[in-house]
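Structures follow.
What follows is subunit A paired twice: with subunit B in the first complex and subunit C in the second.
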Partner chain A sequence: MRKIKDILMNLMTYLFSSFGVLILGTILVFVFSNGFSSLSWNLLTSDYYETVYTLKYETDNTLGVYDNPNLNDSYFSSRWGVAFQDTTNNEGDSVIIISYLDPLSPLKRMTNGATDGIASVETNQVVTKVILNDEDSNLIIGLAKNGAEEMAQDFDKGIVITNLVVTTSGGGIRGSLLTTLYMIVLTLLIALPFGIGGAIYLSEYAPDTRSTRILRNMIDMTSGIPSIIFGLVGAIVFIPFMNNVIGSTGGSIASGALTLAIMLLPIIIKTTEESIKTIPSSYRSASLALGASKTQTTFKVILPNALSGILTSVLLSIGRIIGESAALIYAVGTAIKDNVAIDENSTTLAVHIWSVMSGENPNYELSYSISIVILFMVLILSILVKLITKRFNRYEVK
Partner chain B sequence: MDKYLNKEHNGQRLKRRTAEDKFIKNIFLAIALICASVIVMIVVFILIKGISPFVVDYSISGELYKVNLVTFLSGTTWFTSPNIYGVGYIVINTLYITIMALAIAVPISVLTALFISKIAPKKIGAAFNYVIELLASIPSIIYGLFGMGVITNQVKIVSAFFGYQSAGGISTLATILVLAIMIIPTITMLSVTSLNAVKQDIINGSLALGASKTQTNFKVVIASAKTGIFSGIILGVGRALGEATAISMVAGNAGTGPTFNIFDTTRTLTSTILLGLKETSGLDYDIRFSVGIVLIVIILVTNISLNAAKRRIGNLS
Partner chain C sequence: METIFKIEKLNLSYGDNHVLKNVSLAIYKNQVTAFIGPSGCGKTTLLRCLNRMNDLNVTVKQDGSLKYLDQEVSSINAMDLRTKVGMVFQTPNPFPMSIFDNVAYGPRCQGVKNKYTLNKIVVESLKKAAIYDEVKERLRDSALSLSGGQQQRLCIARCIAMEPDVILMDEPTSALDPIATLKIEELIGQLKKEYSIVIVTHNMQQATRISDYTAFFMLGEIVEYDKTVELFKNPKNRKTEDYITGRFG
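For the complex of A and B:
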């Protein structure tokens, strides 16, 4: 009887504890299977918004002959060295994209109709319309609605391109990646001096009095405040503050960084303080006995030895900054930008997901791809934290 | 003479260094004070902005309006044009969702922690521990995405099975599940720490008295780690109450309530603050800060009462 009960209880434990693994597995499988196909270098480096270019190539191209790469579903124009493919864009409309471009293709040396500068088409750009002239100066008009096959044939007929309308594919996250980077650097620049300073005061200078305990409690309480409240504070304190100081209008990366900085202070203080605590007091005594002042001891003995803790706090903070969304929605805004500036609003990767998911037509595929990027960063950070703690522990045993 | 001069020089140097030490100490003190004053700043600014809907007149299409505090606190409809806001049902929803999420998360977390700390072979335990740590570091927006992409679909199927038309799976149940998944790592991590700290003597004593290993695990080990497990639960509740993004993606922001049917849409305090944000001024914006005050008060009250409960549990053993 007891045995049966024991087995049942154990079985329950196995079942319940496999739940965590199951969840992580499901999330990973789900995100990767949906987002991996559209994750590419192009996604990371291209702009979010589509840009329309009007290009022309007015030199005679009668002699052009290029090798057909024989791509599936693609139609090749051997005169221009370009292949077209029928596909659908993010909104589900059918479009024609450039699927292949010969390295020597004249389309790489076109003239921008608006600026008269040299411009090049790229693969994955969308072709909407082309106007060509053939040998007898007859007009040939190719339209996207006729399909890729006819587009390729139209290209083959003409020798001069008088008007080619292409659209960059868009949907990229370059701006958001940059914003995330700016946010990390700026937040840490603000938060680290305060966090480390506070930790040094609490562990090295603070007398064990009531007021110190109150100080400590106040910092602890800050860590219990949910991030959305920090967002509210950012919206009413830091946005106006930054508007006055750097002349921004509305939310900016700077106001977001200030908000995240006060949010991260408790973590930085705690982690740094923990590592300062493990420094043997004999180090301090030795330094002081050698004639160093308290200040010298703090800066030349305590700080270098607390480096692992500071590094851990930096990594933990980076993880929080990458993942934070609620606070930034209020303290910065949700408008996705391609041109990133510190005194303007923009989205980090997490808020980018929020922006594309909270509209009328949630863009799942892009969100999953961004999620893979975020998960990858988080994984690397967690491995780094593990490595640092391992080294740190070895040092402690010594 | 030379010696004398030197001595004086040394004295001056000492004085200068003491002054420098004092100066640096004061700088560090100032930094620490700034860090501590963050909480004061948060409370003061949220209070000022959050109280204004009840005391200041807002101009809405030419007429001046205030919000009534009593109807705000007891309301069962979030917004009735032009100036009636009700947050009472949202508080009930939030607490209901939190309790339900705890009911799912606590057993799973405690048993997972028990498995990691006492049952599993060392290597498997470490691997499971790492999985939990990874889950803890996944940002909430990804949990929200997971909720929208997977959980709501499953909820839709289940509710259809019960013959209930749900709003595409956006529901209380989806919210509860997402929240439960999010707080499992928090509770598990603290439980593992406290289970690891259970003294081997106690376990040996139980085994010597003839209890089986499983009986010991469930009746002795968990019982002696309950204060630590409770700390984990307190942290989990804090995370559950304050979670905004993930919940907002699956809650549906119901306009009235409270919602107890798990297949109906719901609205929590955080989703109220986050969703439907259009303008950054006016009554509809400022009232969100009032909701913020309510959120802070609820977190504070639950924290204090749970901590009191923890002390009582600790005293019982």
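For the complex of A and C:
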């Protein structure tokens, strides 16, 4: 009878745990298989917004015959020394990009239509439209929808470019990536001193009275409040506060960091307090018996030994900061920015996903790619924290 | 003989629990004084009174007189007192730091920063605690990598580094094997030339081996206090005799 019960129990344990692993694995495989195709270095480093340049080239002195680099899938215009390639941009639309530019190409010495200055096209820029004149002053109009091959042929026909529209490839997440890093650093800078200080007070100094018990319970309850409520508090309290303090207008990274810091305080206090509790009281009495003051004991013995707990709380906090969207939508805003500044609004990666998914055509592939970036960020930061913990715990004997 | 601690009619209670009752006792300089008695008789509590470690317990109430070198202990700053009256605990409790940092901890807390001074203090303390030869090659290693007996001698070295007058030992060998115990006992014999030692022990053979004076405690009272030789050879009180002969029940 007992044997059957044991087998049943074991079976259930295996079943449920394998089910959990399976679901986790499926999610990972799903995200990776969908997001990997559009994940590229270009995505990480390029701006979200396209910049349009209108350029022209009027003299025909240096037009000549340039050597074809014979790139795969590229079509070369030997008269202008430029190759075009059909590809898709970060948002999944098909575009023509400049895949090669001869060092002597006249396209490097063009005139910017807007500023009349010298301007150059760059490789990887997107060509949307070109208007050329041939020897007999006939107009040739090349459009992106006709493909790279025809674009190259159009270029070869003309001797004067009256209008060339190129754009930098957009849809990148460089700004959001930077914002996320800013947000992590700033939030931890605010939250850690208060959190650790609070934990030290609660575990070392606070008397066990009614008021401290209420305080403890309130900290526990705060960790259960939905983050969107913190977002509302951030919008109502911290945005005006930051507007007054650092002169920002509307939501900013600073107001978001302040909101997140308040949200993370209970986690940091709880984890740190728990790890302080596990420190043997014999360390405390040994230190005091050596004539050390209570403050010295706290900072020389208690805190260094609580470090692994503190770093765990840092890790949990980083996870929350990277993953938080609801609070930041209110406390910062949802406008994606390329130029990131602490006193301006911009989006973290999670809010970036929210932004690209909440438009008229949700962009699933980009979202999955950003998800992969987020996963890797968490992974790298966890490894970093583990390494730091190991470095500081070198005197522990396992 | 010079008296280092003079205790008169000391009463102490934790909440409602009356632990020490009218204890009067004189502890002499450069002697080893042993406290023996059954568990819960208050000997450790009395020991912890001597360097005010009982202050950490908020429920403690104390009256009577306890003088260290003619100065009331309660009027001395606890931190200053503890630099003069060091303590070694029941279980070895080195900090999870290097051996060097463990011994240097006390002096550093007092503001000693000079590397050469610290180095000198650490080496001398380790030598006095008879552990220097075993650890001189690995002062930067973790103190937790030492064996139990070595850890306890390191704790004694850590205590000596403060240059105290008195070393209080709370059953320092109860967690150690016989060989490590023997080493600690030899060490105590050497240390009493420079320090006054008060030791709590459950082991009566140990008390006879190392101590000059012995106090026998029962239920928070001192039953008998005399020279160790006298107390064990000619106990004046019946209870003492029962206890040291093992007939105590």
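The rule is simple: the second predicted complex is superposed on the first by the 269 of 398 C-alpha atoms of A that agree within 3 Å, B and C clash if a C-alpha of one lies under 4 Å from a C-alpha of the other, contacts with A are read in each partner's own complex, and residues count from 1 in each chain.
Rule of thumb we're sticking to: a residue touches a chain if its C-beta (ideal position, glycine included) is under 8 Å from a C-beta of that chain, and two chains touch if they have at least 3 such contacts.
Note that the structure is a prediction, hence the values are computed from the model and not measured.
In the superposition on chain A, A:S293 makes contact with both subunit B and subunit C. Shared-chain residue A:M357: touches subunit B; no touch with subunit C.
Set against each other, subunit B and subunit C touch different numbers of residues in subunit A, with B touching more.
In the overlay built on the shared chain, the residue A:G197 is in contact with subunit B alone; subunit C does not reach it. Once the two complexes are overlaid on the shared chain, A:I4 sits clear of subunit B and of subunit C alike. Once the two complexes are laid over each other on the shared chain, residue contacts for A:V65 go to neither subunit B nor subunit C.
Of the two partner chains placed around the shared chain by superposition, subunit C is the only one that A:P280 touches, whereas subunit B remains out of contact. Looking at subunit A, you'll find residues 293 touch subunit B in one structure and subunit C in the other.
Those residues of subunit A whose C-beta lies close enough to touch subunit C in the complex are 280, 282-283, 285-293, 296, 300-301, 305, 393-397.
In the complex of the two chains, the subunit A residues touching subunit B come out as 2-3, 5-6, 9-10, 12-14, 16-17, 19-21, 23-24, 26-27, 30-31, 34, 193-195, 197-198, 200-202, 204-206, 215, 218-219, 221-222, 224-230, 232-233, 235-237, 250, 262, 265, 269, 293-295, 298, 319, 322-326, 329-330, 350-351, 353-354, 357-358, 362, 364, 367-368, 371, 374-375, 378-379, 381-382.
On subunit C, the positions that touch subunit A within their shared complex are 51, 53, 56, 79-80, 82-83, 86-87, 89, 91, 93-98, 105-106, 108-110, 142-145, 155, 158-159, 162.
Those residues of subunit B that touch subunit A in the complex are listed here as 17-18, 20-21, 24-25, 27-29, 31-42, 45-46, 49, 107-108, 111-112, 114-116, 119-120, 128, 131-135, 137-146, 148-150, 181, 184-185, 188, 212-215, 217-218, 238, 241-245, 249, 270, 273-275, 277, 280, 288-289, 292, 295-296, 299, 303.
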